[in-house]
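Next up: some structures, all given as structure tokens.
Heads up, the next two complexes both have subunit A, just with different partners, subunit B and then subunit C.
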Partner chain A sequence: MRLKKLNSEELIELLEIFFAEYDLIAPFKVEQGRLNRVLFRKIRQNNEIPSIYLKEMPETTPKNFILPRDERLDFERFNSEREENENSLARAKTRLFFGVRSCDLAAIELFDDVFLDEDYLDPFYESRREKNIFIGYSNQILPPNNFQKELEIGYFDHQLAPAFIYEDLEARGREHYWLKIKAGYQFSKDVEAHLDNLETGEIGNLEKLLNDWEDKFTGETDFEIKNKLPFPEKEVFNQVDWQEPTASCLGCGVCTYYCPTCFCFDFFWDGSTKNRAWDSCMFSLFTEHASGHNPREEQHQRWRQRLLHKFSYHPQNYNDKPGCVGCGRCIYKCPVNLDIRNVINAVDKTLVKGGQASEER
Partner chain B sequence: MKRDDYLPEEAEIIEVIQETGSNLNIKTFHLKLIGDDPVFDFKPGQFLMLTVHGVGEAPFGLASSPSNRDRIVISVKETGKVTAALHELTVGDKVGLRGPYGNSFPVEEHKSQEIIFISGGIGLAPLRSAIDYVLDPDNRGDYGRVQMLQAFRSPEDMLYDYDQPRWEDAENIDIKYTIDKPCEDWEHCVGFPHKLIEDEIDCIIEGAKYYVCGPPIMIKSVINELLEIGIKPKDIITTLEMRMSCGLGKCGKCNIGHRYVCKDGPVFSYQELLDMPEEF
Partner chain C sequence: MTNSYKEITEDLQDIIEQIYKQEEFDRLLAYGRGLFSGLIEPVIVDKEAELDLDRLEFTDEAYQMLSKYLLKNRELKQVVVAKPCDTRAIAFYISENIIARDNLIVVGINGCPGIKDNTACDECDSKNPVIADYTAGNLMPEDEFAKDKSDLKYLLSEENQVTRKNHYTKEFMRCTQCYACRDACPVCYCDHCFVESNQPVWLEAGSGPEEDMVFHLMRTMHMPGRCVNCGACEMACPEGIEMRSLTSHLYHQAREYFDFRPGLAVDQKSLFSDYNEEDPEPGFLQQEGD
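Right, the complex of A and B next:
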């Protein structure tokens, strides 16, 4: 493991080197009317680099680049001469995603479980997943409503990221940024040469800093998932009062569109071209049959699906791994302040009452 | 590792049969794959995803016997956008096909048993693949007596009039037909199938398997009736319908609990359904 210390100017220089070597994708603060939004964008010019904005959790995640909101399913690439045409979606450059939160990295891992599955491989996903580097990010501010810790996702590292950058918002100078690069990982030659010029940091100092941050985060979150995952599907499906905690839901689907783990999709046609787009279980048409029969007619049934997909069905299908990474975006983005943690609490309470509480976590 | 790129293969419509009478809403399509490998291997109970180019894609249960590998048969009721567009097509027109997907009827496990098919309307279509499999001269000896209770709205809504004589003439078979309301010149049963099971079918408790398919409400009432008689949940087999996009357990639409109808189904025993949330 290598540790480098950087000040703001040195970070910008490092990002300029990244930009020269890779397709650099990073969060930006974007003004949209009266809204300030932080979104992942591809950097197009060097002078955009100082505008990269890391301090707040971005609204979007690398999901938009790996499983795009809509995409053309390319007939050309997947015709009989597959081998020869393999490159039409392939990129010349590796993409470098800078400033990705650990929960969002966990979400990409979850996508890999689904789309690079042993018995099924999604070639469109696979091609977008090739040649990506993720550099993680954390500072001492817990993102709003974040509960990733309850899902056993650490704040300060993730196996998908060969490097992680920590920003101490209170420090100045070279104590400002800490770049950790995992043992054995090498960037390109130019990047490495640049890294050599940077001051090496003391691991012990960083560890102390991160421990302080973690303690602070722990003090801020009091949410708890009492029952072990996966939730027992039949009991939870039938016994929880789903209507009461979800009654204010408008069915807008914002929670699923901002969710870094929601992967449900639909196909649509543009002339004779088949496309794929994100879909949402919060919409009535998601399950409505052509006959008009709908297994989920009411909004609370759709909420039940969303919650149980993440906390019961997905973990059952994928080695007990939850289908939620606790980023908190669905809570933050909800127009009626519906909080998934309250609905999880309702499940927990029901299981305890019914005497079916599985062992405490 | 299976690689599926969601993109259909080209197929040609080689025959269109108008199944129903005055309302004209069910047609059977015979299709053939175009290309180097026109063979379409499947098991009874599986389904395919059919694309009407420029309109959309939808799942359809295979209605043909798997022994007949040169023709892919589906029966389609006009209900939505894709089915309406498909009904406009005719012999020579091209469609897209993907599949086959899903599990299959447990016909292999049910060898030496009696089989009872209970269908409601177009629910007979997916059962046809199992019926033709069981009645196939190569397989007929492997199964006991076959009974059928076919329910339709009216005589005009009956399906497969060209198959019925062949089925009726098969060995050791007993077929009953029913319609919703009495009408002139109808010599068969009248009433919903669940009301007729006890009187019209020789309900064997041990050593018989019940294959049920139809609209969700019909499946539910028939199953309740079978349970009432004492049939065990494991001996009741049904095939479910769900809205779906991919057919591969990824798009997230057709799940019931943690199972996907496209991948873990569409065929389930009632025993399996009992362990699943009731959401279909």
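Right, the complex of A and C next:
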């Protein structure tokens, strides 16, 4: 591992080098209607680089690029001519996502578990997932309503990212970025050539800084999950009062559209091309049968699906890993501020009451 | 003068305590602060459930329309904390016979101080409740909020059709078709919305410029004579789309042409059932310069 301290100008210079080599995608702050939003966007010109906005957690994640909202499924690409096409794919530039939070990196890993599974490989996902590099980011501000720590996702690193950048917002005006380049990735070798005098002596200082930030974060949240994951499916399904904690839900699916780990989609035809588009278990049509019968007639039943998928079914299928990374987006994007932590809390309490609580995690 | 959020909160807590003591009811709909998020959220509880009265609050972030939630359990006797715009939606429900007055205990907010970032509040022409069984805060004199109808020409109404179309096409590009605008709207209450209709299919899956336009224009056409201009649609939109310039434009047009505003009284006739020979006929597809 190597480390370098940078100031803003040096960071911009480095990004300019990346821009020449990669398709650079980074977060920007934009005003849309009454909202000030931070969104990932592809950079088209060098002069956009200084406006990259890292301080607040972006609303979108690389999900929008890897599993887009609408996608044309070009089966031609995967037929006999595949080989030739693969060559043309190989010529496309590698995408470099800059400024990705650790929880969002964990979400991409979760997608990989699902879509790159040998038995159920999704070739469309696979082709979009090829040739992506992620550079992580964190600072000393805990994103709003974030509870990733409770799900054992660290704030300051993730194995998907060959490099991580830390911004000390209190050290403005001086060298306030720490760029950590990890050994063992091809990207690291490429980038080292561009960085003169990479320092290695300050690792202790960085670690101390990150420990301080982590302590501060721990003081800010009082949410905890007492039961081990996966939640026991049958008990939770039957015993929890799903109506009370979800009574305010409007069924809009915003929580799932902005969730970095939600991946449900629907197929539809546009003339003779097959497409897929995001779908959501929060919609009434999600489970409606052709007969008109709907096994999830009420909104609280749909919420039960969402919660169980993330905290029971997903961990059951993928080595106890939760289907939620605790980013907090579903909470602040929800038009009625319905908090998933309240629902988890209701589950937790029911299990504790029923004597199911496993020893504290 | 409007009341302070603090005064209203204190009044609300007292009133609800009193209601628990002296009224028969099944369910309470109020605002409170989220346990972990600290954000204002709807508090929807059965009478028997435990409730910490101190949790109830009214702030400039109480933007959710509790009136909308009444529809889910119309057969229950419900207590609802209602902003003036909520009371108008409630009066509208009663006038449309979709909820019974006897099933409601309305706790209205007098002299509503408004909701943060909700541009509809700047246009608000009803800062006192239209109906209420209890009220929090002091009444606000009508001349302080009454709006002259001619002041309320809506954004873009002066622009030509091409500019308007370009503006909306561009704005709707961001639409994710989550329909939160419809879900949050108190007067979008059809049991079966055209959006979910699959026989016939009005909207295809996926989001494209055509679907966006069809959705918004069809919803807009369902709104005149119903929209109470509360702003909830825009407040709910996760993409910050300003679709209220369509619905609210029609709100102001109905007022200008027919002196009609929905939800002013529980026995009000609807815009379309109350025909008068003298009514102007501005035309459905009015051209520029007409």
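Everything below uses one rule, namely that the second predicted complex is superposed on the first by the 339 of 361 C-alpha atoms of A that agree within 3 Å, B and C clash if a C-alpha of one lies under 4 Å from a C-alpha of the other, contacts with A are read in each partner's own complex, and residues count from 1 in each chain.
Going forward, a contact is a pair of C-beta atoms (placed from the backbone, for glycine too) under 8 Å apart; a residue touches a chain by one contact, two chains touch by 3 or more.
Given the structure is predicted, the values throughout are model-derived calculations rather than measurements.
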{"item": "Fit or clash between subunit C and subunit B when superposed on subunit A", "value": "fit"}
{"item": "Touching partner for A:N145 - first (subunit B), second (subunit C), both, neither", "value": "second"}
{"item": "Subunit B versus subunit C as contact partner of A:E170, first or second or both or neither", "value": "neither"}
{"item": "Partner chain(s) touched by A:S312 [first = subunit B, second = subunit C, both, neither]", "value": "first"}
{"item": "Contacts of A:A247 with subunit B and subunit C, given as first, second, both or neither", "value": "second"}
{"item": "Following superposition on chain A: angle at subunit A, subunit B versus subunit C, Cα, nearest 10°", "value": "80"}
{"item": "Which superposed partner A:F223 touches (first subunit B, second subunit C, both, neither)", "value": "second"}
{"item": "Touched partner set for A:Q301, first subunit B, second subunit C, both or neither", "value": "first"}
{"item": "Which superposed partner A:G271 touches (first subunit B, second subunit C, both, neither)", "value": "first"}
{"item": "Least Cα gap, in Å, left between subunit B and subunit C after the two complexes are fitted on chain A", "value": "8"}
{"item": "Residues of subunit A that lie at the interface with subunit B and also at the interface with subunit C", "value": "266-268, 279, 288"}
{"item": "Contact footprint of subunit A on subunit C as seen in their complex", "value": "34-37, 39-42, 44-46, 49, 64, 68-69, 117, 119, 174, 176, 178-180, 183-184, 196, 198, 204-208, 234-242"}
{"item": "Contact footprint of subunit C on subunit A as seen in their complex", "value": "32-35, 37, 69-70, 145, 147, 221-223, 244, 247-248, 250-254, 257-258, 266-268, 270, 275, 277, 279, 284-285, 288, 331-333, 335-339, 341-342, 345"}
{"item": "Touch list for subunit A against partner subunit B, complex", "value": "73, 75, 78, 114-115, 118-124, 230, 233-234, 237-238, 263-269, 271-272, 274, 276, 279, 281, 286-291, 293, 295-296, 301, 305, 308-309, 312-314, 316-317"}
{"item": "In the complex, subunit B residues that touch subunit A", "value": "1-7, 51, 53-58, 79-83, 215-216, 241-243, 245-246, 248-253, 255-258, 275-277, 279-280"}
